[in-house]
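What follows is a structure written as structure tokens; I'll ask about it next.
When the chains are written out, they are named A, B, C, D, E and F in that same order, and each has its own residue count from 1.
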Amino acid sequence: MYLKERIVAGETLLGAGIFCPNAEMIDWCAQGMDWIWLEAQHTHADWMTLAHCVHAAHAINVPTLARTWTHDLGTIERLLDTGAEGIIVPLVDTAEQAERIVSRCFYPPVGTRSFGSLQTERIEPSTDEWNKRIVTVVQIETPEAVENAEAIAKVPGVDVLNIGVRDLALRQNIPWVVDSEYSTLGDQIKHVVAAGRKAGKAACVIAQTPKSLAHAVKEGYQLICAGMDADHLYDAYQGMRKSLEKIENIRQKQERS
Amino acid sequence: MYLKERIVAGETLLGAGIFCPNAEMIDWCAQGMDWIWLEAQHTHADWMTLAHCVHAAHAINVPTLARTWTHDLGTIERLLDTGAEGIIVPLVDTAEQAERIVSRCFYPPVGTRSFGSLQTERIEPSTDEWNKRIVTVVQIETPEAVENAEAIAKVPGVDVLNIGVRDLALRQNIPWVVDSEYSTLGDQIKHVVAAGRKAGKAACVIAQTPKSLAHAVKEGYQLICAGMDADHLYDAYQGMRKSLEKIENIRQKQERS
Amino acid sequence: MYLKERIVAGETLLGAGIFCPNAEMIDWCAQGMDWIWLEAQHTHADWMTLAHCVHAAHAINVPTLARTWTHDLGTIERLLDTGAEGIIVPLVDTAEQAERIVSRCFYPPVGTRSFGSLQTERIEPSTDEWNKRIVTVVQIETPEAVENAEAIAKVPGVDVLNIGVRDLALRQNIPWVVDSEYSTLGDQIKHVVAAGRKAGKAACVIAQTPKSLAHAVKEGYQLICAGMDADHLYDAYQGMRKSLEKIENIRQKQERS
Amino acid sequence: MYLKERIVAGETLLGAGIFCPNAEMIDWCAQGMDWIWLEAQHTHADWMTLAHCVHAAHAINVPTLARTWTHDLGTIERLLDTGAEGIIVPLVDTAEQAERIVSRCFYPPVGTRSFGSLQTERIEPSTDEWNKRIVTVVQIETPEAVENAEAIAKVPGVDVLNIGVRDLALRQNIPWVVDSEYSTLGDQIKHVVAAGRKAGKAACVIAQTPKSLAHAVKEGYQLICAGMDADHLYDAYQGMRKSLEKIENIRQKQERS
Amino acid sequence: MYLKERIVAGETLLGAGIFCPNAEMIDWCAQGMDWIWLEAQHTHADWMTLAHCVHAAHAINVPTLARTWTHDLGTIERLLDTGAEGIIVPLVDTAEQAERIVSRCFYPPVGTRSFGSLQTERIEPSTDEWNKRIVTVVQIETPEAVENAEAIAKVPGVDVLNIGVRDLALRQNIPWVVDSEYSTLGDQIKHVVAAGRKAGKAACVIAQTPKSLAHAVKEGYQLICAGMDADHLYDAYQGMRKSLEKIENIRQKQERS
Amino acid sequence: MYLKERIVAGETLLGAGIFCPNAEMIDWCAQGMDWIWLEAQHTHADWMTLAHCVHAAHAINVPTLARTWTHDLGTIERLLDTGAEGIIVPLVDTAEQAERIVSRCFYPPVGTRSFGSLQTERIEPSTDEWNKRIVTVVQIETPEAVENAEAIAKVPGVDVLNIGVRDLALRQNIPWVVDSEYSTLGDQIKHVVAAGRKAGKAACVIAQTPKSLAHAVKEGYQLICAGMDADHLYDAYQGMRKSLEKIENIRQKQERS
């Protein structure tokens, strides 16, 4: 069952957020996840590294959605040509932008994607089948996009709306702290999720903590990125630091007494 | 105060275990750590990637110890020439091996290291000063090495003994599970730590969990690698999976009731 | 004599189709070819790899045409700045697109290309001379482009029309099999080749097999890519498999008899 | 004090021109410089190499301005996400282009840059602070741009005008030799510098030789790139060649006499 | 069934000879092959490229044997840690060398390989199972090695003898042309194959052409590398050249008549 | 005429010292030099980067000598397999070491090098011809090596002795400053050069400045590396800084008066 079909079936799908693309890490740490968020917007992984990460994800049967750093159609197509299962597109503000981009993600007769990647052909030679697989996620992260959410959601080929809470807050000069988005951006978020639901489209969000995750599930998000790798690592090491401090404090107390 | 001086001063020093070398990850996730374990034995990072990781670690003022994949002296020197603060050498079984390797890690008159790396020269032009900084960690991970632990520990220039518990168990056909090493390999570990202490050398270990950490501190380990990145990520994502399952179980129960 | 001059002179020019860019392969396998098709649209070679491939091609005196993955002008210029002899541009549908792109491929006063690449300057310091060398190939691969073929062909600076038969078939939902294009797309292909001829421009095509090659020569194609490396390799290994099967069948028969 | 503040304060700021990006070279050779020109337009450094160069520049506390090869906004943002202190944009011909590009270089509420790079966040978590740091340099290198210089200079967020003398000459079919630009392009250059000054914006230029440098200072340029690495190296090796020839000539004369 | 088990079962196993390692090529062109010869001795693929190629080979379920460029044990172990199914070792002249190298290819209790690669652990966590999989191929390519062939073949853990015909000829100053080896080196080759058979070990050879293949099968080689990619490509392009020449000759004759 | 033949003919040969390997820099800055010192000991260039640099050097017809970081024979062979014209080997202390290493640099019947690199075969298919080309440079940089200089020089296949003045001084605790080596190490240097001359072998040295160059020529060095790129760049930028300071001082004086 393709990721896309699972989305349509209403499943809640947990992804691994890979902001430090490394093919030798992905196939270990993303085992058993429903999908991978392969970050290429705010990181600087080279093309072959991205391609290898998609390869490594195939090795563990986890589909990859690559976040593009640009709206340039050829670049988006090249990202998909790694064999990725879909694309995450930042800063989609209008239905027109969404239409233009989404069209390039599907092969004719649905869209205008060019055929020729060895990777996609090996994985699945039928272009019709690929059209049933490719997942497109557009990011709603400006006030303009929130306003246009209904129109964007209606664009055929758009599968998922992802709310970029941090940018959305920044655009409105709203201070942002982890897990605070539901209070400060609550109405906007509800509006976007509702717009998606009305058009039969899913919603996506990043949830770094179990608390965020619980909230996201409750709000009906289906595609949930279970946090960014770099943040998880930071937390893990800082957690160990605190454990050590505790141990040393206890020892010092014992020594003093 | 150099890492080496902190070891001599008896501090417990917590490191980040980087098995997926990526310069854009290190300077985020290893902030505030005492040192970095840069894995090059069991991973396949290229030379420039390793060099860049050491650069990135300097950007956050955290010293790096690189684990070499070979005893080849020129390769060990090239790893140090990245500007690393020291080396971790696997499979050191005899004092002779330790002497041969350690000699190449220090500049004359202490050892036989060749001068010429721009990185080490920029960071610190004085070779005498580098000789006060370089930390050498030799891994005791075979029965032969355990037997030779006292002789190895006495080798001048050897700073730290790292007990490779997993390989040590494997060599003796002892089943291994995380956190089990203190029971199954207890006597051998105590013997090595004692051999080090007698020679005024510190002990090093990997502790993936707070429980392991507490044990390691109690046993007197000073250089403690606070777990491997790939394992922490696996745990983080699996933890989120379990959170999601719990949430869905609760929801299902609520729906049924 | 530049590749461009040979095109104008009416020569049939055979190219090597490099879809797996690797500088150590190119200078071996493309020896003696007239040109190289360096694929960057449907593959993921990094920038330096592409640059090195052009270097390696210079080492055997074979000019390189790089296929771009985007219409972004700066990216096309950066591809040319490797020292490539020209560019292959996918999905050119209108004369306006062709004009905009082609202008950036030539130095002033002919076009708007920016000066500054060390590679192009070393190979040939005169910008006028480069303007006599650069070959532009635009791909006609949509029904719209076929319709506009005459106008596109007339654009000054457009040297060659390449018919993307596979995409052209896909756009029209026509099933595609190797060597079938002349029957199913016959009229469209003839129209495009004729449009080119009328404007004094050459035609380009990929011919994977001697049969395709014979057809292409007969139809008057001048720039013929003699197949893709990955396909040739697949064929070579599969050919050896079949040889082995034959040998084993004979042996089995002999053993049975 | 940020580079941007030093520009506003009227300082003359000397940069190292890195056309051969290599992180192990930058932190040695650019020590003590005011800024680095990291060339990505006319070279082919890969993404991670560029990111590492910015890392290496941070290690010696020298801010980096990256020259982009494209006007694509997502690509420019990705270049800034390395932690670069600013961007150099070629071929800016109109105020509209300048506005569109410059907007993406600053975080809201000033501009439309997206938040999310680990590098920029680690270096400085405050987006307001980044808005005080980012330097934008637009290149005036066509007759059209010279004409529009006043309008371009007035665009809020444009910090510096860089005159691309070589392209500007080429566009007008004016022969170009090093150090000749002040005579042949004199009036145009004066016009652009004056336009900048009127709008309170600085001027930037490349000066390969002390003579060029003296002229640039006299003309009031503030951001001066002290030549390109590749040219300096060429000059250094050729200088040594000439020294050798002299030595050999003297020796031959001595031998003959 | 592991490759190793198929060797023991007496199968003839055809491999793809990858001398231009590129992960995007392997998973296309090596489909359906029994194994891959991943060349690292005479090529310069970087570590991550080699690791990715093994990943890509797993994606098509074809096991990889990597040819090492060195006898350095740590380097051989690092090559195996990519998840490769085995190693090809050049220039093994004595049984002692074979023992030393082969020991490092198997985990304890069989050998001395160190545990810790994420790739090997993910593919198969049981070290005992890996010991049933790893294939070691030693190259007999000097007169000394031919003499020692029996002793080398008897070394436990040595699975296959590969006769390096080109080097063997060169060492003896025997001129070498493709497919000539059986005449000029006939007795030596027979001696080595027989030595292997006596010890129950298979023989390996490179066969570039069907003729070579037929000979190799007849001689009882089990591991047959079906030629090198670079040579196949050279042949394919040269074949197309000759086709074109023929076509043009016919045309010229027709024109003349 | 090969570099090796020019050495034998007694020419003084000036090389470019590339410590920041980048193929796009080499073919620009090393134009017209007699040879290139491609540094791999104290830098961290990856394998493909080194291979590409040799390619780029071929593009300008300048032979490359690669400095290895190790005595490992397979690694030295792999460096030569890039198509390099020879090798520079650090830390050769005895004639035995020299013999062992040098043997692997030449093809049989002269030495034991293995045949198989596509690069070397393309450049020159005759192994005998390669044996006439390969240049071996061994570094004399320890007191032990100075003592053994005569024996090392006599080893057949050793072509050049390079005196590593900096390491030699460091080993003897002699303070080292640029251009000082002739006074402090004078006798040792003379001894080594004389030992070489006696055996008909040339001497090599790095000369960063014209003064050093003049001295080197006078002393009879034939292979002279005309300084390291990183140092030349540092000098160039610092020179420009001083020029700027002078200009600003003059201006300040003028303003005051």
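Basically, a contact is a pair of C-beta atoms (placed from the backbone, for glycine too) under 8 Å apart; a residue touches a chain by one contact, two chains touch by 3 or more.
Every value quoted in this text rests on a predicted model; they were computed, and no experiment measured them.
The chains in contact with chain D as well as with chain F are B, C. Counted by C-beta pairs in contact, the busier of C-F and A-D is A-D. Residue numbering shows that chain A and chain E use the same positions for more than half of their mutual interface.
Comparing the centres of all chains, each the average of its CA atoms, the largest separation from chain F belongs to A.
When each chain is reduced to the average of its Cα atoms, E sits farthest from chain D. Separation between the centroids of chain C and chain D, computed from CA atoms only, is 36 Å. Centroid to centroid, with C-alpha atoms defining each point, chain B and chain D lie 42 Å apart. We define each chain's centre as the mean of its Cα atoms; on that basis chain B and chain C are separated by 51 Å. For chain D, the set of residues that touch two or more other chains comprises 19, 24-25, 28, 31, 43-44, 46, 48-49, 51, 72, 118, 230. In terms of inter-chain touching, the protein chains here follow a pattern that is not a line, ring, star or complete graph.
Chains touching one another, given as pairs, are A-B, A-C, A-D, A-E, B-D, B-E, B-F, C-D, C-E, C-F, D-F, E-F. By the touch criterion stated above, chain C contacts chain F in their complex at residues 23-25, 27-28, 31, 48-49, 51-52, 55-56, 58-60, 118-119, 121-122.
Here chain F touches chain D in the complex through residues 12, 14, 16, 19-22, 24-25, 28-33, 43-44, 207, 210, 213-214, 217, 224, 226-227, 229-230, 232-241, 243-244, 247-248, 251, going by the rule given at the top. The touching residues of chain C, when paired with chain A in their complex, are 19, 41-46, 49, 68-72, 75, 90-91, 141-142, 164, 166-167, 170-173, 230.
Residue ranges of chain A in contact with chain C, taken from their complex: 46-48, 50-51, 72-75, 77-78, 81-82, 107-109, 112, 114-118, 127.
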